[in-house]
Each structure stands twice: as C-alpha cells, then as structure tokens.
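Please see the structure below; I have some questions.
Naming follows writing order (A, B and C), and every chain is counted from residue 1.
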Amino acid sequence: MTKSIELAVIGAGPAGLAAAMTAYEAGLDVTVFDSEPAPGGQIYKAVGASPLADVQALGPDYADGASLVSAFHASGIRHVGSTDVWTLTPDGEIGLLCDGRASFVEAQRILIATGAQERPAPFEGWTLPGAMTVGAGQVLVKSAGVVPASGVVLAGLGPLMLLVAWQYVRLGVKVRAVLDMTPSANFVRAARFLPAALTAGDYIAKGLRLLRDLKRAGIPIHRRVTRIQAIGTDRVEAVEFEAGQRTRRIETPVVLTHFGLVPETSLTRALGIAHHWDGAQQCWRPMVDDWGRTDQPRIQIAGDGRGIFGAKSAIWSGQLAALEAARAANKLSRAERDAKAAPIRDKQRRDHRVRPFLEALYAPTAPDWRRLPDAVIVCRCEEATVGDVRAAARAGAIGVNQVKVFTRAGMGPCQGRQCGLSVARLMAEATGRPIGEVELPRSRFPLRPIPLGALADMEPPARREGEP
Amino acid sequence: MVSRFDSVVVGGGLLGMSVAYGLRLRDQSVAVIDEGDVAHRASRGTFGLVWAQSKGRGMPEYARWTRDSIQLWPAFAEDLLDRTGIEVTYSRCGGYMFAFTDDELDRRKADYGEICDGIGLAAPDFEVLDRKAVADAFPGIGEAVRGATYCPIDGDCDPLALLRALHRAFIDAGGRHFPGHILARIDDEGPRPKVETNRQTFEADRIVLCAGIGNRGLAKDLGCALPLKPSRGQILVSERVKPVIPHLTHIIRQTREGSIMIGDSHENVGFDDGTTATAMCDIASNAAKTFPFLRDLQIVRAWGCLRPMPLDGFPIYDRVPGHPNVIVLNTHSGVTLAAAHAGPLAEQISNDSLGITERCFSMDRFDVQTA
Amino acid sequence: MFKRLSDAAPTVRVTVNGTALDAPAGESVAALLLVHAEHTFRTTAVSESPRAPYCMMGVCHDCLVEIDGVGNQQGCRVRVSEGMDIKHQSGAPELKP
C-alpha cells in the first residue's frame, strides 16, 4: 500500500462509522481500520450477524445499531477488519498487524475512535475463573449467543449492569441477584442534576423501566452493597457481599462485575497527547477541543475514547470531527462546516444534560481502596498485589511508572490497561495526594503484543522511501 | 539554604550511585543531586551485562580496567546483599557473541587475541567456537550463525536491583540523596566550590558530574566541549516463555522470569535518527536469524534509550580543564564497571589522585576544544 | 459455566485438549471453551493460578491458550476454523527450537 489515505479512522464503533460516513460524503478518501472482523465496535458487536434467534431481546438500542452498520456497509467505504494498529509515527505512518503480518500505511489525518474499556476494579477473588466483566457477558451474548448456564450474579454499578441483567432475564437466564454497589451518598449528590437529566431524552424513563421489569421478574436486587468477594478454590463457587451490617453469600458459578466505562487511552498516551484527570468521570481523558482536535496537528479523537458520553454522543462527535477534517482538507468551507455542525451540536448539548446526573449517581467511590486487603491482585498479568504497590510507595516510589519498576505491575501483555488506573488510585491513597496529581502511566508502542517474526519481516516506512 | 559536603555527586544513575557509595565508604560526606525519582531512567536501557568480551580494542588499559572490575564484582554484589538484603543476582556464567560469517569470526579472533596480548595475559581468556559447537550449546540456532566467541568471565546481573541496592546502601551508610533538584549553576571561582540547584545551594570540596548525557551541558557551562554523543539503543522485551535460551549472549538474553530481552549492540548499526520501526525491524531480524524459533515470540514492550557514548567508546574520568575541583565521569558500561567505580575509582577521587599518574581516561586523548 | 442458546449454526471440527468437537463456524475460541471445556483456560506463569477469560474484548490477556502449536494466543480474538488444535496452557508457553 503506497497511496496515502486522506483520513484514516481507527475503530469501527458508532463514532468511527459515523465519522467515516460524514467524511466520505464530504469527499474525503477514508479508510476504517478495525480490530474486529465486522463493524459495530463493542456496543453494536455482531449486529446484523447475531447468532441470537431473538435479537430484540437485547433491547431497542442494540437494534438501532443495525441501521448504522447497514448504512456503513451500503456506503462502500473501505473497512479493513481484523487488523490492529500497533504503532503510529508523528509522520502519520500507521503500523498495522493482521494475521501475524505487519505493514504500514500512511495517512494525512487520523481520527482515533477506539472507544472505552471497562473500569478495572480489583476485589478479592476477581481473578478466579468465572469472574468476568458485564461487558464480557455482553460479548458472549451478542457474538456467540452464549449465556451463563446455571445462574449468574451481577455486581457493581452503572447502567450497563442493569441493562445486561434485563437482557439476561429476557433470554431466560437465571439471574440470582444484582448487587448494586452505588453508594447511598451518590443519590443525594445526583439529585440536584435530575431536573436537567429529565430533559435529555428518555434515559431516566428507560432506566426506571429496566428496574421495574427486573422487579417484576423477581430478581433480588441488593442495594448499598459495600464489599464483594468471589469465593472458590480454582473457580468461582459463590459471591460473598456486605450490605449494611449484614454479610451474605450467594452460590453462583459466574459473577459479572461492572464499575463503569473509561476511555481506553493506550494509543492517545503513547502519542504523547496531553491528558487530564476528569473528576466527574473519574478517569483520564485526552484533551480535545469541540471538533475533537488534539495538540497534534494530524490527530483527532471522537467517541467514548475522548470521554464517556454514550453511543448517541459518540455518533455526533464522530460527525463533528469528520466535518472539521473535511474543512482541514479543503473539502468544506468554514461556513459550510459550521452550518452542518450546528444542528448536531444542538442535539448533543441536549443529550449531554443527562451526564452530570449519571456521573454523580454512578461515581465509583466503591470499592473502598483503603479497605482492599494486601493480598488482592492488582496487576493480573504479573500478579502484583495491592500490598506490593503499598510497599513500593513506602520504599519511595511516587507514581505509577516507578511502581512498575519495583513490582512489575504493567509489564505484562495487557500493557497496564487493567492495572494502570488501579495503581494510580492506590498511589494517591498511599501518598495522600488527589488522584489527579498522580502522573499518567506511560504507554509505548507496540500497542499490543506483536510476534517477533512480524517485526523481522516487515518493511519499515523509512526504508520504503529509499532511505538507508 | 546552604549544605556542606565533602563531595557533591550530580546524577543518581548507576555511575553516580556507584561512585557516591564508594566515596561514602571512604568516609566522605556525600550528597547526590538528582533530577529524577528513586527508580532512575538510565537503568532501563541496559541489559545488565557484566561483560569483558570485545572490550578494549585499541586501549589495553580499558581491557584491564574492565577485568579488574569483573574481579571485584562478586565481593561487590555480596557486600550490597549483606548491607541491604537486595540480591542483584550477579552470575558469572560465561557469555557468547555470535558471528554470521567466517570472516567475522576470524576478525574477532584476531582482535581478541590482540586485546589479550595487550594486557599481557598468559593465555587468551576467550574461545572461538565453530558452528557445531554453537549448535550443541544452543539447540535450534539459525543456519545463518557460523560460529561464536565465548568468554568464561562474562556474566550478568539485574540492573534495576543493582540501582536499588546501591541507593539503599548509600542511604543506609549515611549518604544524602536529593531528588527533584535541577542544577542551575556550578560556581568554583571562590574558595569553596558551590553547586546551586533550583531548591538550594551545596558547598563541597569537589563536585563529581555523573549526569550521563547531561554532562555535556554541564561541561559546556564550564567552558569544556565534552567529547560525548548520545547513542540511541533499542530493546525489545517479550512475554514470559519457558526457558529456551540456555546461555548468556550479548544481544539476546532470557531473564529469570522468562521474558526474553533482545537488544542492539553498538557494534551493529548507529541508530542515530532511525525511526523506531526501522530499529525494531533490524533488531527483530537479527534475532530471528539467530534463533528462528523466536519468530512466534510475542514482543510486549519496546523502548529506546539514549546512552552517553564517549566518542571513542572508552570512559572519560577527568577533571574539567581549568576547573580542578570539578570531575567529569562518563562511560557507557555503567553495569560492568560498577564495582570498579565503587572501588578504585572512588578511591582515586577521594584521595584526589584521579588522573595524576594514569592519564589514559583523561580527555587528553581527544582534541578537546574549549567551548 | 456457559451454554449456547441455540445450536442451529453450521459447524467446523476442532480438537480441544485432544477431544474432537463441533464448533459453530465463526465463534471465538474463548466462547467455545467456556461452553464445552473445563472452566480453566490456563495456569499463570508466575504462580500457576487458574485463569479464564475476564473481559472478552482483547484487553485482559487472561484467555490465553495454545492454538495450532503456538502459545499465548488470545482465545477471544481467534475464530475457530476447520482442523484447529486448541490446548490449555500450563504456565508460560513453550517455544520449540
């Protein structure tokens, strides 16, 4: 591939797909790079090709994704699937890995739409087989029509947990309990944002309907849960939890947890883009303007990778970023861009009114990091524990990157995606600083493990241009 | 605020901490000023080789100095373990360097022979191995490998543990460490040399510059064009795999945890402004030629490190011209020479005999222009 | 631990730890193992602790299995294909010189 692409979109979730279509309509030459085999990202995974007999069981929002994905297919925009981006140079050379082979393409502009990941939240027993994320449950349902065979407990907080419980009930899965870890104080804090949230669309109404349906189905919902523990010798056998003064135990082979979503920032950090800590969303976010532009001229970000605002907002942010990319490539005038953007911004502004409410209600002040026993694993790959991190802090480490050197946390194949946030939390705790002052974990290329053979066989960009 | 010390060491990396520790052992009051934090960045760029092979061609004193350090290493490692409980896992297991052509092997044999003669060894302390011997030692070795040179005194250690141990030992022995200080000015005009940082002033009898590549800027402020350049090196690190590299080699090394480190060597290519992808490709290509079974190995981390490289590759241990109380130290072999730095080098610095009788590591050998 | 809601899809033949199985075409290796095999995919390199998938989206690297002789393959990202040989992994994978 020697031709330079005008706009490379990385990620084929709602933001990436919407951006690609808007850019294409404006006359840009666009290619979408996607680590999944088919478009849809995580939220619309396998939509249109689901093995589920009854896709409606997953609810109307998932079904909406089908029209977005078919529009994308119909557009004819080039979709390069099952391909990972493993590096990205300041000159716009994108390193691709597909089927064990590494290659490069050059792009003039890049839109990063790689989305979010589940917030990693260690608890006792979370590494046992059978303990997974709610998102994992969703992937299994959507792409394989696979559900827990003999019951499941869901634990944590956030809309996704309730949604999956509801989907499972509709699919006939035995939901043994929902353990809601939303702290009571959050209800109070969120209350003042409720009036605005009610004008944002039907989020609240939908949420209440989910809860009503779960109640009607007789699903036990335990509230104000403050601690959970997965129990078992070599697999999950039960979940123990504390709510109020009581400790209870529920037998289950599978426990799915969810503590909210956070932007997956390995690419944006590796690029050296500035990030800031967002106290309301409790995560690091890359710094972007309202066109998704970053401090690096070729690079924009759209979707949940810029901050968690939901699927609708992801679509609009993709469209806005694409309009600006088209203007930067002289396909649209500033006036044209702004005219097209105005109605999108109106919709987005209205939709965002729900965010302060959701962010306050589902602020993950649980689990209580101070109460986490030393033995809990914090880095799943290298098995570094909470105690190891605390010891590193006592030995003088002041941030996540030094903790890595002391404990190996972050040195495994997941490259710190599952432990970076947790280690930062623990370090804030241990050093008595607000987490916003703890340094950002360093991310480097390759963005994912890459076989040595792929590196050995590839043609690096500099050589292609005839340089020695 | 002014603090008084016998010696102020600028830079808390491997070189600075080895020297600072050695000076402290010799009853000097020592302050280490350091920009960074406890786990210093310099150590990341090293394999942790404690290596004699190939060193000293063109300067027999360096070959001797390297061997002196290796002789001191076991006691040095033991001392650190006793004092701090930190095990730096020094292992003198012998080391291999592969050759990809017969010419290369012959050349190396001649070069090493010259080095051994130059330092007056009764018999050469290396062996030349043919392809069969290499294949016996390394099952699965690539067809491209024609042979290897082997040196029984080569070995390795854990460089991160080494830095932690030096730091701990220094502090426990009463040394003072000042992290988060950025050097503003060295003032040795008056009777008491001073170091001013962004946070306070230090007074010392002598100032020892151990800031690696940063020494260039510090020396320049004192009117000296230090003959040093940054040499960028890349390392690839893999996921853990079961033990499969049975012996120590100079560019492919399997750690005790099982991860395989694959590096460049200065002998290969100058990685000056090459893109990271080009460097990764070269390193990976060499490794795959050497051990084709590594092709399926997953690389999880890669980084580049700027190593401070004196222009001829040999150490600089000297006073800054015109500034007799300011010593500048640079070497790219901070791990191998750590024992010598904490030992005889610290000795020379503490009794002010550095560069008096021995001038081989001074800057005289370069045509040093004043900046 | 898990079950399929329907068995209607066309299948391919694979082996899992030596046992032949019919797997729905296009399913991920991880989903297949969760439905058919034991709960443990692998034991860890550090402490030989049992692990199985955690995130199912390619982030956690806990679903590592040996596929066609190559270890450390993410089960959640590889789709089954005819004749595929899937094995649990014990500790760190082994390279074969």
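For this structure, a couple of remarks:
Rule of thumb we're sticking to: a residue touches a chain if its C-beta (ideal position, glycine included) is under 8 Å from a C-beta of that chain, and two chains touch if they have at least 3 such contacts.
What you see is a predicted model, and the numbers here were worked out from it, not measured in a lab.
In terms of C-beta pairs in contact, the better-connected of the chain pairs A-C and B-C is A-C.
Comparing chain C-alpha centroids with the centroid of the full set of protein C-alpha atoms picks out A as the closest. Between the CA-based centres of chain B and chain C the separation comes to 44 Å, rounded to the whole angstrom. For the pair chain A and chain C, the distance between mean C-alpha positions equals 24 Å.
Within chain A, contacts with two or more other chains are made by residues 412-413, 449. Contact with two or more other chains is made by residues 46, 72 of chain C. Multi-chain contact residues of chain B (touching two or more other chains) are listed as 239, 257, 294, 296-298. Residues of chain C touching chain A in their complex: 1-6, 8-9, 24, 27-28, 31, 34-35, 39-41, 44, 46-47, 49-62, 64, 72, 76-77, 79.
Contacts from chain A toward chain C in the complex involve residues 35, 37, 42, 51-53, 117-118, 127-133, 135-136, 139-140, 143-150, 171, 234-235, 253-254, 264, 380-383, 412-414, 417-418, 448-449. Listing the residues of chain B that touch chain A in their complex gives 37-39, 44, 160, 164, 236-239, 257, 262, 274-278, 280-281, 283-285, 287-288, 294-303.
Against chain B, the residues of chain C that register as touching in their complex are 45-46, 70-72, 91-97. The touching residues of chain A, when paired with chain B in their complex, are 87, 89, 93, 95, 104, 395-399, 401-402, 405-406, 408, 411-413, 415, 444-446, 449-453, 455-456, 458-463.
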